[in-house]
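One structure, as C-alpha cells, below. Some questions next.
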C-alpha cells in the first residue's frame, strides 16, 4: 500500500510540452508512472514522444484517456486557472509544482478544489512518489526505495535529503509527499498524517517542517491525540532571522509566532522525536523502527 | 402540522423600525406570531412597541433572543446584504418581502444561503402563513382558515384570492407559501411540493403559477412521478403578450418558452387539475377533496 | 431596460471587446460625413443600421449596405423618419430617429454568443453557437446540438479555462481561439459588471485575418439595478417607450399598454394577470396591465387611476383590489382624489376584498363616483365586460 | 515588497479611505513649503515622519510634531540624512531619505485595523482592536480578548454586514459606525485588489467630530503578484533593500544577507535553511541564505556564485546541491563559468548529491577550482566551518 498515488494512478501532465513539463514527464515515465495524457492549450491532437496523447483541455484528457491525477507545470500567471481546470474536470488529485503563484490566487484555488472534491498537493512542491509504484513529481527517483516510512515535507530538496538518508540506512518509503512551501496550500501535514495512519504499509512517519505559519503546530495538536505511528521531525530555519523571507513564501517568522524552537517544542510535547540536525533524520528513524 | 413555520417559530424582523416593517410586525404579532426580536442597524438597544427587543445585528438577535426565522423588510439597495446576514447568523428560514432586488444580487444571495444551509423564501413574496399558528409575512391573516390544503404561489394578491376562495368553500389551509415572483428566488414550487408531500396534515395542494421561467415545468416533472396528493393549478398570464414585463420580473415570456398554455399543458399531463379561470380554484379543490 | 445597438457597442468597447468602427447619425448629412470619415480610415463599404429597440431589423429593411459615403447618406436619409416594421414591432412599426454608420468588415465566419440568466440553475448562462447571424431561438429549436452552454459561478465569474472551453466549442483555433477566449471572458465580466439581463452578440464574426469582432450587439439592463447605476439609467431612450408606461414608471407603477377595451387597475402582478385572463374568459379584451403594487399610497393610486383613464379605446374600467399591504380605504381615497380632474364617462366596476375593504367601499359610495359593485373575481370581470358593450 | 507610509496612504486614498492631508519632502526647504501649504488649509500642527521601511519609528525619534511650518522644516532637516535606529533596524540604523509632512488631526480615539492572510483558515483575516497605536503583537499577547477577527470569504469579498460587525466590535456608533464600516469594507477591497500580504492601519483614529481616519498605514505587497502589477512594482524602493539581495533578485535568485562568515549556496529553501542550521551546529555562522532555486541554468548558477563571493566577512564557502530539477552538471558548469571573473581566496567545500551529481563532481575536478569534497550534509558543514577557521 501507499497513499495518494500507486501503480493504478492514471496521470495527465498539464504543460506537458513546456521545458520543465517535458523533461519531468519523461522522468516520470522512465520511473514507471502511467502517464496517460498531456494537456497544452492549442496543441490538442499532437502526441508527446510518440506515446502520450496531448489534449487542449483537462476535460478531454479525463474523458478520452481516463486520467485521474494531474501533475501541473504551468507558469505562475496561468497556474491558478490550470489547477481550477483540473478540479472542474474532476481529477481526484492535482499536484502543482509551480513556484511563485500569488497567495490570493491560491486562497481562491484551494476553496475551489474543496468545492470540486479534488485533493490538491502544493503548489511550489516536488509532488508525490510511492517508490516502486508511481512518481508524480520532480523528485529524483533513484534516491527512493520502496518501504515502510511515510515522508511529509514543506521543502523540496530537504525531502530528497531525508529520503536519501532513509534509503542509506535501508529504510524504504511507502510514500513521500512534498506539500509545498507556500503560505496557502492544498494539503496539510495533518491531512497526510491521517492518510499514513490508515495505510497498512506505513510503520513510521518523517515530518519535515519549516519556520513560519502554524502547520507544524496543527500537526502537533493532532499527533498529541494517540497517533498510532512513531514520528521523527526536523524543523528547518533555526538560524533564520525574524521578518526575513527565506525563499519559500511560507517561511517567514512573523511576530514571534512560527519559530523553529516553538514548533520543535510543541512537536516534542506531542510525542514526536524531534532531531536537531537534519543529518540525524535517517538514523533516528532507523533506531526507532529497530532496523538499524 | 404545517410546513416551514408553526407555533414554535421564533421570528426576528429585519427592518422592524421602518414603515412597512413596523406595520406588518404589528399585524404578525396580532395574529399570534412569536416575534422575539427586531433588527435595525444602529438602533440596537431600543424596544419596539415596548415588547420586542431591537438589535444591531441578526447575530445578536440569534444569540440573545434565539430567533430562528427572519422576516426581511429592507429596501432593495440593502436587501441582499440583509439576507446574507440572516443566513450567516444561522437562521433556519429567511423570508424576504422586498421587491426590486437586482437579479444578479439574488444569484449571489441564493448561492450564499445554500452554503449556509438557510432556506430562503422570496424575495418579492408575501411570506408564509400556517393559519392559526403563525403568520410570517404581509398577507391578510383574516382570509385564512386552519385546514388541510397547502398553497404555493409565485404571486401575492392572487394567493390571497385563492386562499379566500378555499376559505369560503370551507377548506382551510395547512400552510400557504408565496415563493415570490422574481426570476431568481430561494425556494421553488418543487421544494414546497416535497414538503407538503411529507406533511401529514396536508391533503391537497393549490399551485398558482405565472407566465415566464420554467418553475411550473419543473414542478410538473416532479409531480408526474406519483405525487401522493391531488393538485389544482392555475397559471396567470394567458392574455399577456410576449416580451412584455408584467410587474414581476419573473413573468416575461421569452422566445416562446414559459407560456401559460405550455405550463398548463405539462401540468395537465402530470395529472394536475388545471383550472382556466382563477375563480375556479376553490370550488375545484372542494370537488376533488369531496368536502363541497 | 433595452439599449440601442450603438449604446451596446459602446459598452462592449469599454470592456475591451472588438467592435467595428462606427458613428451615430440623425440626418442624411451627418450620415454621409460619418461614412466619409470611415472612408478616410480605409473602409470601402458602409452599413447603415436603424437604431430601434425592436429586433429583426434586417428583415424589415432596417439594415442596408452602401459602397460610398454619398450612398450611405442617401440610404440613411431614406431610413430616418420612417416607421420601420419588423417581425418584432406591431404593424404600425417604430419611428427611426437615428442610424448607425459602420465600416464594413470582412466576414469569414458568423458565430453566436449570448449571456442571460438561467432561472432554473439560478446563475448566468453563456449560450454559444457556431450558427451565428440567425435567431438563436430557431437554432435552439431546430439544431439543439449546435448550442453550447457554460454557467457562470455566482461571486466567482467565468474562469479562463471555462471561456477557453466555450471558444473551443465555437471551433476556434490558434490566435483566433485566444481572441475568442478573451471576448467570452470580457462579455461575462461585462454582463456581471452591468447587471445585465441579456448580453447578446449576434453575429460574432471571425474576420478573414482571424480577428473576432462583435458585428451586432444587444444589451438589456436589469431595471432593478438602475437605482444604483445612474450611468446606465442615462442611456434610457424614452422615445422608444410607450407614453403611458413612462408616466406610470415615474410613479413606480407597473403599466403595460395592450390592444383591448377594458381598462383594469389591480394590486399585484399575478392578480392583475389573472384579472386580464378573466376579462378574456368573459368575452372582453384587456386594455392594459396595471399593478398599483404593494404599499400604494393615496397619491400613487390617484396617479394610477389618472393614467388608466388616458388609455385609448376604453369602454369600461375594472378596479380589482385584494387588500394585503394595500389597504382598501387608501385605494378608495386615491380614486376619489383623482376624480375632480377626470371626466369619467365610462362604466367603472369595483371589487374590493381583504384589508379595509368595507371601509373603502363605503368611502366610494359616499363619493361622486358611480360604480358597479362586484364581490368575486369572475363576477367583476363579467360585469365590467357587460357594462362596456 | 514593503511600501513606505506615503505610498501606502496614496493607495488608501485611491480606495476611498480617509487619510490626513500630507506631502513628501526630501529637504528642509521642501518640508517647510509643504507645511506652509498645510497651514494655508488651516492646519496648526504638523507631523514630520521619517519614510523608512522599518517599523517602530516613533521610539527611534522618526516621528516629531511641529507647531509651525518653520519648525517642521527644522525637524525635517534634522531627520533627513541621519541613520534612524528603531527596534526593528539593526544597530547601524537606516538612512532617512524622505519625510512625510502631515497635517495634525484631532484624535478622540485610537483603534487598530489590519488585514493579513490566515494560513490556517486559508483566507484573509481582518484583525481589529480597540487598542490602537500600540504594537498589535503586544495586544495579542497581553489582551487577546481585545482582538476581533473576521475572515474574508475567497472570491466573494467582505460582505457589508461583516464590515458592520467589525465596526460594532470597534465600539463605533451612529455616523461613526457607518464611516468605520465603509473604511473596513474598502480596506478589504484594497487588500484583495492589490494582492497585499499585509494592510495595516495603526492607529485608525476617530476624530473629535466623529470622522474615521487612517493616521498611519503599512502595506506589504505579495512579491508573486508583481509580475502582473507593474504599477505596484514601480513603488519598489531599492535604496531600502540590501545591495546583494537586489542583485540576486535580478537573476530570480533568493538571497538574504546575514551576519556570519560561512557563505552558502544551496538549491531549495528548506535545504538552504537546514544547511545554515548545520553550519550553526558545527560551530560556524552562516553569512547568507542563497537558494539557486529549481531549474537553475548555468548562467543563474554563475550569477549566484559571483553574488555569493561578494558577501562581506566570508571566510569559507559551502556549496550544497541535492539534484532534483537542478542537475549537478549544470551547477558545476555554472561555477566554472564564474571562475575567470573571480578571485577565490577562501576555501570552498562542495557537496553534490542527486541527479547528475557524479558528472558535476568530475567537471569541477577538471576545473581550476580547488575544493573540499563532502558526502553528507553534516560532513559538509563541519568541513566548511573547519576550513574557515
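First chain written, first letter: the chains are A, B, C and D, and each begins at residue 1.
In this text, a contact is a pair of C-beta atoms (placed from the backbone, for glycine too) under 8 Å apart; a residue touches a chain by one contact, two chains touch by 3 or more.
If you're wondering where the values come from, they're calculated on a predicted model, not measured in any experiment.
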Item to complete: Return the chains common to the contact lists of chain A and chain C.
Response: D
Fill in: Third chains touching both chain B and chain A
C, D
Worksheet item: Centre-to-centre on C-alpha atoms, which chain is most distant from chain B?
Response: D
Worksheet, complete the sentence: Counting C-beta pairs in contact for A-D and for B-D, the higher total belongs to A-D
Practice prompt. Would you mind pulling out the distance in Å between where the CA atoms of chain B average out and where those of chain D do?
Written response: 55
Response to the item:
chain B and chain C have mean C-alpha positions lying a whole-number Å distance apart equal to 28
Worksheet item: Of all the residues in chain B, which ones touch at least 2 other chains?
Response: 108, 112
Fill in: Of all residues in chain D, the ones touching two or more other chains
155-156
Worksheet item: Can the chain contact pattern be summarised as a line, a ring, a star, a complete graph, or none of these (other)?
Response: other
Response to the item:
Each pair of chains that touches is included here, namely A-C, A-D, B-C, B-D, C-D
Worksheet item: Which part of chain D faces chain C closely enough to touch in the complex?
Response: 155-156
Discussion item. For a test of understanding, state which residues of chain C touch chain A in their complex under the given definition.
Written reply: 156, 159-162, 164-165, 168, 173-174, 177-178
Worksheet item: If you look only at chain B, which of its residues touch chain D in the complex?
Response: 41-42, 56-59, 78, 81-82, 84-85, 88, 108, 112
Practice prompt. Using the touch rule from the top, collect the residues of chain A that touch chain D in their complex.
Written response: 19-20, 24, 76-77, 99-108, 110-112, 126, 138-140, 143, 153-161, 164, 181, 183-184, 208, 210-211, 213-215, 218, 234, 236-241, 243-251, 255-256, 276-279
Discussion item. Give the list of chain D residues in touch with chain A in this complex.
Written reply: 88, 117, 119-120, 122-124, 137, 140, 153-155, 192, 195, 197, 222-225, 227-228, 254, 256, 258, 266-274, 276-281, 286, 289, 291, 293-295, 322-326, 353-355, 376-378
